[in-house]
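The two complexes that follow have chain A in common; it is paired with chain B in the first and with chain C in the second.
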Partner chain A sequence: MKRLTLKAEGAGRLVPPAILAACAFVLPPLLGAAGAAFLLTQLTMAAYYVLASLGLCALMGYAGQISLGQAGFFAIGGYASAFLCTRDLGPAASAPLARCLDLAGLLVRGADPYGKALLSLAPWLSGLLAVLLAAAVAALIGTPVLRLKGHYLAMATLGFGIVVEKVARGSKALGGADGISAVPGLALWPGLEVTGGRAARSANFTIAWLVLALGILALANLVRSRPGRALRALREGEEAALAMGIDTARYKLNVFVIAAVFAAVAGVLLTHYNGSIGPGEASSTRSVRYVAIVAVGGMDNLVGTLAAGLVLNFLSLRGVFGNYDDAVFGAILILIMLLSPEGKAARAFHSLLPRGKGAPR
Partner chain B sequence: MSLLEVSGLSRSFGGLKAVDDVGFAAEADRITAVIGPNGAGKSTLFNLISGGLAPDSGRVSFDGSDITRLPPHRVARLGISRTFQAIKISKRMTALENVMIGRHVRSRSGFPSGMLAAPWARAEERSIRDAAMRAIERLGIAEYRDRQAGGLPFGVQRSVELARALAAEPRLLLLDEPASGLNARETRVLAELILGIRGMGIAILVVEHDMSLVMDVSDDVVVLNFGKKIAQGRPREIQSNREVIKIYLGEDDA
Partner chain C sequence: MHSALFVQYLVSGLIYGSIYAAVAIGFNIIYNATGIINFAQGEFAMLGGMLVATLSLSVPLWLAVAAAVALTAAAGAAVERVFLRPVARRGVFRMIVTTIGLSIVIREAALLAWGPSVRTVPFFSGNEVSSISAFGAHFSPQVLWVLGATALVVAGLTCFFKFTMMGKAMRGCAADRDGASLCGINPDFMVTVAFALSAGIGAFAGCIVAPLTQTHYGIGAELSIKGFTVAAFGGLGDSMAAVAAGLVLGMLESFSIVFVPEAYKDVVTICVLLALLFVKPSGLFGSRSAIALKDY
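Entry: the complex of A and B
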């Protein structure tokens, strides 16, 4: 009976986050002892990319709303934080707003790569603002776009991702094709900073994997909750969901914003970790990569997405796929669809298509 | 004042008047049936009441308030539950999860508390589960509760859908051809069930083809033909109504 209760309450959902949290602390000394501590860098980066895929898993796998623009939100987070915390407020230091921010301790003094003194927004604040911006953009474009279904929603979100990439690539303020570099570390806590470099490598691996653990825990909680059930219900038929009192438009928008926030948090943290961001992070091939990982993971499967994401991103970051990196993810998507025509992925993809005429059920 | 009052309701599709100036009422503790030949406008009428479709004219009021143009999810929140002619349940969720969706209107926890697994959200989750289990047991499908709904026998799927509607504790239950696809024995069980639901003080509006079911359970019958109401009365009156016999049962039976 005890077991039954535990199962009913979904205690199993605690296992993946617990494993991730344990790895966060155990892997650095272990890999260090094995002389492979250099792998921590790619494992850290992989964790942030997986975070963006997990958000997409909630949106696409559970709520059945496809998005080919997830990289756009990742880039909005990364770019906005990088932009805000590398602006020199020095010339405007005497302006009332800047003085207020300074007095409140929200500005930091640093130096640009050429040694010029900089007065800029604290990265934790720029990161927070960047995530809020991504959420606001998601709410703004989600409201009209989520009325679309299936192919149409896919195309609209693809268009959004292209807009973000081309704006980043074309904008001088955002560094054009070079992107933004010399992005300072993001202090989460005094002495605990999201930043690159060997000295911070272990700590940053721990940070990244703990963030990932919290992310998957939040989503695992969500899919087992009342709103999560409502999302799964609307995936399988909006008419019935509406008849049961579910405000489908609001639920779709909420999960769209949550997915965007996951991508933006990942974008912010990875940008401060790498110290830079470029327009490639917003590209549609990136978005396809996030989709491919969710598909490999089994669509409505957070743990599958986690595992697929960690493995594939790690291999990709290690350069295993060489020049064929993006091609590999495209091929994976094709294979998933072909090899399991009656399988889970294909069935789930069918459920994304508009119902009615000829749509497989 | 009746619980549900429909007056002057009309809706056309192109040139076709699917529902034409229809009015009737449904009361608590009573079973009202809407019958009529195929294409008489029964399903359209249902969708006009449940909010899936907006009428061209006319009025639907529930418990004294105008619900004519409310979207379906708002109508549901007021205490109107429905089933569908073609079963609409979540095939990839378990029977129990499906029925738990019925509790949506009776629970509140949202995204933040869901993601944080807040204690009160989990307490609410337990009460949702308990209420859903009661509905499932009432329908006698407890043994299927952890099975994927899509793999269940047709009759059980119908019961899952009905349990989901009941779990919402509606004041008005709309049943769209609940006997379609059921065999004679299942239909008899359904009749008992519908009478039992009436006993709970719920108003029931049923659209049905199966005349035996209608005649067995209804307190009041509304007959539609070509979108128009042509008769209304007790089952016995309807059975002997010349016009109804002519258009619905066929002239040979007269």
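Entry: the complex of A and C
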């Protein structure tokens, strides 16, 4: 049976980003004309969640390192940026550091929801710092965590996610169970802001899908490069990879940090888009969602992860799964493990999706 | 520290420790039989507590506990037969991910069945206000039930694995699966028994602690991670060490309140787990060579 193949490698790797970029500009007027512009909101949010899944795909699918802590990095990005740019520096305005920042134009003056004057960090700077923080945390915990294998690794990353959630839930400064709200928009360019609201809807859709296009392009380049082959070698057998002269510890750490950065960028952008973030974003159910999406996509398959992520997140955000929202993702995970990829049913299922190269696991 | 307060913390540490030990024993039984960690282990304890909360409304408490344990054990066996046996031959990774999916599905099913509210379970003897005094501290008689029941479970399991044919067969499978099947033992059946046993013990732990801690659909994930901490602490697969490690962790958690805010209590436990995994993955009592044999 001839199967539709769309390789995320070779020159074909340019096709998915190109399609995404085209959609980024074509879909808003198209949906607007069809009177369904309201769908753009969920499609924008779905794109950010997919971005986090793509990072996990590189880590779990290509490098073979399971992580149940992806939501933790997403939340670190979102929370750090939200915290930094909603923090009132007014009382400390005369401190040398604050004055330097102010003179450099890195502080913005605004008002909190009650109309009180606020002096706070510019959102683009807080976003950048948040991503750097996530990368630093990943680098810090990655060294010991990645020495673990199998269920030790799974449990350690799960534990990391739970720590992030508990800290967010237990800290007053982070808003406790309510999270942080009234997060201002993130200005990428004068007049171009990552923010919610009807007026900015189609521009934000374009931003989100272009970011997604860039993300998948970067990862597609990574996995077909020499480091990408090293990652796959290490997945197939760490000792063998080591014997081939691959510095497995370094490659594992690098891909772990890359995955964390993808999650944190997604977390920052979605938080500024929604204007809020809550501790639920760090929960283990969220992390399992990311794993489920990568599994549905075919593990070492960026395009599959992209397709599965867009469809499942969009349906979930539209409320199609109703009360069964989290259960659906758990059930999907079980079904994929039961059926794929050796099973016939799974092969039929996978043939629906464009496939990446590489042996099914 | 005030001596009465010290005893109070000690008692609460013992209770938490017993529960974590019971969950850890559940982990170990399944680990020994299959070589995997069952991420849904904590959900069994949750099911036990929730079932007894519901059943005790209509039947006597002892019957409710027995029924909850039996139902959860049956559920454990069913889960193994339906979801895990088909993937068992396809590697550890697949089994782990399956149990992760199962934990989410069981939790969500409990949410749909029982709703998000916190449930209470009647005390086994006395009621909320009855208390025993010792060394200046006051605690509920349920504490004695928890400690006694945990001791009973540990003793019972030891006898089961040492003296009964079934227990010996299970140990045989854990040591050498092929060798055991040459001796006429059915390894697949032993795995099912392991899941039933482990689910039953988890449910029993959930039942006896529920009067003190109350219960709701979401307690499973935390119990899982703490139970795993304890199992890893003691050295995976060693149930006796798990009891000791459980008590250590329980104490650590209850005394940590002195130093950090209550909200961060669980963070302390998990950080201990992470630190332990990094420093000594074979556990406090486990040997490095034993871990080398068990790659996963």
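List of remarks:
Everything that follows uses one rule, which is that the second predicted complex is superposed on the first by the 332 of 361 C-alpha atoms of A that agree within 3 Å, B and C clash if a C-alpha of one lies under 4 Å from a C-alpha of the other, contacts with A are read in each partner's own complex, and residues count from 1 in each chain.
One rule holds for everything that comes next: a residue touches a chain if its C-beta (ideal position, glycine included) is under 8 Å from a C-beta of that chain, and two chains touch if they have at least 3 such contacts.
Note that this is a predicted model, so its numbers are computed, not measured.
When the shared chain is aligned, chain B comes close enough to touch A:Arg229, but chain C does not. Of the two partner chains placed by superposition, A:Gly275 touches none, neither chain B nor chain C.
In the superposed model, A:Gly150 makes contact with chain C only, not with chain B.
Set against each other, chain B and chain C touch different numbers of residues in chain A, with C touching more.
Of the two partner chains, neither chain B nor chain C is touched by A:Gly90. By the touch criterion stated above, A:Gly110 is placed in contact with neither chain B nor chain C. Looking at the complex, you find that chain C touches chain A at residues 36-37, 39, 83, 86-87, 90, 92-98, 100-105, 107-109, 112, 221-222, 225, 228, 232, 261, 263-264, 266-267, 270-271, 273-274, 277-278, 281, 295-296. Interface residues of chain B, counted against chain A in their complex, comprise 50-52, 71-73, 76-77, 81-82, 84, 88-93, 97, 100-102, 104-105, 107-111, 113-117, 121-122, 124-125, 128-129, 164, 168. Taken together, the chain A residues at the contact with chain B in this complex read 8-9, 218-219, 221-222, 224-230, 232-233, 235-237, 239-248, 254, 258, 300, 351.
Residues 66, 68, 141, 144-145, 147-152, 154-156, 158-160, 162-163, 166-167, 169-171, 284-285, 288, 291-292, 295, 323-324, 326-327, 329-334, 337-338, 342, 361 of chain A are the ones touching chain C in the complex.
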